[in-house]
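Following are the structures in question.
Two complexes follow with subunit A in common, the first pairing it with subunit B and the second with subunit C.
Presenting the complex of A and B:
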């Protein structure tokens, strides 16, 4: 045990881990050019093990993931601290600095595990109480029968990707079950006449909803990982009441974004079925009163984007009007809202806010403060000693 | 009995493992108030998002011809919007749009409710919908209907015309006074619509 503890706290392990971190950054950057920042961040830095290149036949180089390197570095630092450190006032600065570095590593883990980034889109004069994920979709079945609220059952994309291997999925609180007949991460929907000219395109072959009425087809394509890619998620979903099939629906994220909902009636209740980008609902709403887009006079160069919004939060008395602009985000309810984009068209203006939730956002500031404090103490003591020794000469 | 350093390291490792764990994907259920849902699928006024696939699907439909009345100010069209005009004085402008979608677009009740919600009305009952809808055949689309809605100083006149596996929408909406003034031109426009013979 003592020998293990000795190795765990060795400088050799520190250097090896730092080299592994450098290799991770190097190979991760190479793969980023092909697979984009999101997938690389997930696969290389928010994982325990990874391989380079991410997708290829033949030999692939195994690498320790960011979580493994980070956690071993943390244990290495802890072990070294207890191995070499002897408590004394003279070393108080080093102890505080080490605590700051540890806190920085822990905050990195917490950010990776808990930070969520989504987009909220609000039309001028409208309110929004939810935001959409940028990367993940969800299958939703919504019971719209009640007069004042809808019951939503959401199946995450990770389950959809397992397709029929996920079995018959129970929809809690509904007399329905779903089987995923197919899921495609990128399969645009096309009309029947186009299906013949697109390689791999096939008729959806569904017997319900838009896909049946319009004889829609879909063309499975490779998932596009470039930063501005818009993958069109598509699924074929069969719904059951008990063991009786109610039919199969074609659902697609673009259909959900641009078309009215597909509905079904069962046992006197009305349901909607859709594949949409995963939603986060908030206990408050933002109402966009005005969007402002200023340009430098005489040019088309943007000067400022700003959204005037009213926060309506039942947990607070009254409403609050705020302006969100390029460098002035809104912090409310544990979320930060950044001005991200806008649309201006003949149907009106809509703003897009990037919504970031990071419960540990304060930790890096504390960590950097601790490191600064530790170094100040350490060098302060060294300076005092130097001055004292010079005065004594 | 473990020593203090080892206990600390084990605790640190536990914290790291806990933070690194991914959620097991599971089905979730929750309720949302109706008001939290937007009037249209994207947002009520936000431009519709059309994927390349949808654009291709729309490009396959038989586009009718029409004659736009004088005084309608044409706006740039898009793959999903085949015609777009501004009507009436600035500050009280109404918008006229011709759009096309595959299939029945969720059915007439869903579309009527969508337009009603865009005017700030609650979803209509079957009886209210029946009152709002009347037959308005177009040349080449004998089953077309006219939907007439108004609420809180704003109004919508819309024709929903099924043709060749698609549904065409001719929708005039804006301040109620402008829409009322533009109705006769709207009807003349509807009379001028000609769908080609289905392929």
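Presenting the complex of A and C:
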């Protein structure tokens, strides 16, 4: 046990772990060219174990994941301090530096666990009170019968991916159940005329909604992980009332964004069914009054993007007008809104804000301050000694 | 307020100059005055000189045009004095002896080539005058450098002995190149073949040449005998007639049309100028200071001509008219007239023209001509050679000379950086080019500091090596023809973060290279130099440790400031972007080396070897990550850079291997003998 503790606190382990971290970062960076930052982040840096390259036949190099390296480094650091640390001015710099590193590792874990990034799209002159996820979809069934409020039941994507012809998903508060006949992470939907030209396209073969009316087809493709990929999620969903089938619907994230809702009537109530990017709702709304896009004169080089918005928050008295622009985000209600993108089309101008929630966002600031301070103390003492010894000569 | 006597004096001297000027009709065309004129290009105002230099860099990777002996004889000679034998040799060399427009032009004005030991060449500004004012001559200059043989074949050129071609030579094959380039541009940058990169580059270069020669200073598509001013008069007369008709109609209530010929001319010209306005990328005429136009866009030729319709006379200010007169005087060889018009043009820009800061335009022109980084690099090279001489001869004098040469180089280097900062209103590092300039500067200063402490030449040597190498790299990066003072895209438009994150991290690169090159110097001298003492080895190791400590702090703080910028701008402290990861690698490597040394895991020689590995890590972080082509920090790259990086890595591995040889100096007894 004592020997184990001895090794856990050893400098040799520190160096080995730092080298492992470098290998992880290096190979992770290489894989980003093929699989995009998001997937690499999840599989290399926010995981316990990974292999390079992520997807390939033949030789693959196993690597410790970011979580494993981070935890071992934390243990190593703590053990070393218990073993070696004697309070002294000369060692103070090292202790402060290491405390900062520790805090940085902890904040890394917290960010991985708690940070959520979503996108909010607002048209000019419109308001929005929700944002949608970039990577995750959800199946929603909405009871729109009541005049003043909708009842929404959302099925998360993880459940959809476990598609099974037999399993029935309960929709709480509704007399309906859903069976996922098929789920495709990336399958664009096309009309029957286009189906022939798209390799692998097949008719949806559904008997309800848009898919049946327009005889839609879809073409399953490999999920695209490149940075700007837009995957078109598609599912075939059969709804049941008790054991009676109400029919099968084709639902797709692009359809949900561009076409009128697919509805069904059952037992005197009206329901909508859709597959859409997962939504986060806020207790306030943002109203876009104006979007501006400046270019450098005589060029197409962007100079600035800015959204003038009004915050309407029932928890605050009155409204508040703010401008969100590049390098100038809005922080409100625990969320931060950043200018991310925009659309200028025939339907008017819309801005896209990136919405980030990260309760631990202050930690890295503290950590960086500590490490900077610690290193300055440590090397400052060394420098002072060196200068003193030269002066003494 | 200006005092009347001064004004009088000025008027007198101006008159004096004018008389002197007309008395010397043989004076030369003032290319430099022309090069100093301001234009708006790529979103900023800069002297024409910058456009000329960057265009030549884009076309052929150099700031001048080289001429073979036959070409020089042809273009700088007077056709009237050519012998038949000469004509025959010109014809053999593929020169347009029988093109009357060329020979007439040369008779009026030979091309102003300059002759030096390196051959005949044409300066960038003189080349621009030729391209803009006499495109029928300039189309025969071999300014397009095409290295890829497949591309040469695609244009239908089967010349084995050169890789430089003229517009006249490539023009017939350009439709195919444009086609291939369009296909290539649809591909991801990383997936393009060398051929595809080659055609894309050639298509860009050809487009630049086309715009310079047809729609930059004067409309260049008119026949050689038609002065541009004649087109302008036609335009203004037709417009005047049309507006006269219009007001007459208004008075009488009639609906009389223009006569059919004028109507046709008017419509043709409007269409022509719309086209020129849309395609021209060089702004010549500043908007009126009173205009509320927020964009601050300067009008190009087409725009300025259309502005007449929008109620702005062509003579307000008379920039277009003066350019047209200069072009005409240039063609007829009337230098006195051309120079007088150039002087008038320089004075024609309103003082409060939007975006125009005359002092900065002048400064940029001077900066271009003085080439401080080139001079700095030369001095660094000299300093490095002087150190070597000092070590070989074991004398102090060359070392002292080296130190002061290096210090002078660093001073010039500093002046260049400060000038760029002032011209651009930006912190010193804004793109890859300026990062190379700054890495060398930081290393030179650190090296000087090391030299002040130990005075054994090592600091000077390292400063000279890193300073020279990084300025050479900067030169190579600048040779793509992209504007190195380019405007900053929206995300990067933050002087505060550029000044903190980018500058600190770049200093980190400098310190890493200083540590690594100190170590490399030590390893090399240990293996090769009989006189290399253990004392010297120990001092170098100490200096290297100091540089490493500085690198650790700056790399860490710089990287984390980047995180803070990212958090402020995009809401994520850390986004695992390749450039961030590269910076993190440097930080981690510093930690590895510091812990390995502190924990006694490496021998003193091993410590030096680890520092040399640090050079590889830093080079990867600096350049390698840009080659991946992903993330916010990827700003484009070339195949040549990849070869360069590989060569550097191999050289560093060789230096590391030197550490495994036994020391060349005779061993002494004692525990430190292993160093």
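The criterion applied here is as follows: the second predicted complex is superposed on the first by the 353 of 393 C-alpha atoms of A that agree within 3 Å, B and C clash if a C-alpha of one lies under 4 Å from a C-alpha of the other, contacts with A are read in each partner's own complex, and residues count from 1 in each chain.
Throughout what follows, a contact is a pair of C-beta atoms (placed from the backbone, for glycine too) under 8 Å apart; a residue touches a chain by one contact, two chains touch by 3 or more.
Predicted, not measured: the structure shown is a model, and the values here were computed from it.
Once the two complexes are overlaid on the shared chain, A:145 sits clear of subunit B and of subunit C alike.
In the superposed model, A:356 makes contact with subunit C only, not with subunit B.
Touched residues of subunit A were counted for both subunit B and subunit C, and B has more of them. In the superposition on chain A, contact of A:21 is made with subunit C only, not with subunit B.
Within the superposed three-chain model, A:232 lies in touch with subunit B and out of touch with subunit C [touch as defined at top]. When the two structures are aligned on the shared chain, A:41 is found in touch with subunit C, with no touch to subunit B. Once the two complexes are laid over each other on the shared chain, residue contacts for A:12 go to subunit C alone; subunit B is not touched.
By the touch criterion defined above, A:371 lies against subunit C but remains apart from subunit B after alignment on the C-alpha atoms of chain A. In the superposition on chain A, A:164 makes contact with neither subunit B nor subunit C. In the superposed model, A:245 makes contact with neither subunit B nor subunit C. Against subunit A, the residues of subunit C that register as touching in their complex are 40-44, 190, 281, 283, 294-298, 300, 355, 453, 487, 489-491, 493-494, 497, 542, 546, 549-550, 552-553, 556-557, 560-561, 563-564, 567-578, 581-582, 584-585, 588-589, 591-592, 595-596, 598-599, 601, 625, 628-631.
Across the interface of their complex, subunit A is touched by residues 4-6, 8-9, 12-13, 15-17, 19-21, 25-54, 56-58, 60-61, 75-76, 80-81, 84, 86, 95, 97, 101-107, 110-111, 114, 165-166 of subunit B. Listing the residues of subunit A that touch subunit C in their complex gives 10-12, 14-15, 18-19, 21-22, 25-26, 28-30, 32-33, 36-37, 40-41, 45, 107-108, 111, 115, 117, 227, 294-299, 301-305, 326-327, 329, 336, 338, 340, 354-356, 358, 361, 364-365, 368, 371-372, 375-376, 379, 382-383, 386, 390.
Every residue of subunit A that touches subunit B in the complex is listed here, in rising order: 1, 5, 8, 46, 48, 67, 70-71, 74-75, 78-79, 82-83, 102, 106, 109-110, 112-113, 121-130, 147-159, 169-173, 188-194, 210, 213-216, 218-219, 230, 232, 252, 254-263, 281, 285, 343, 345-350.
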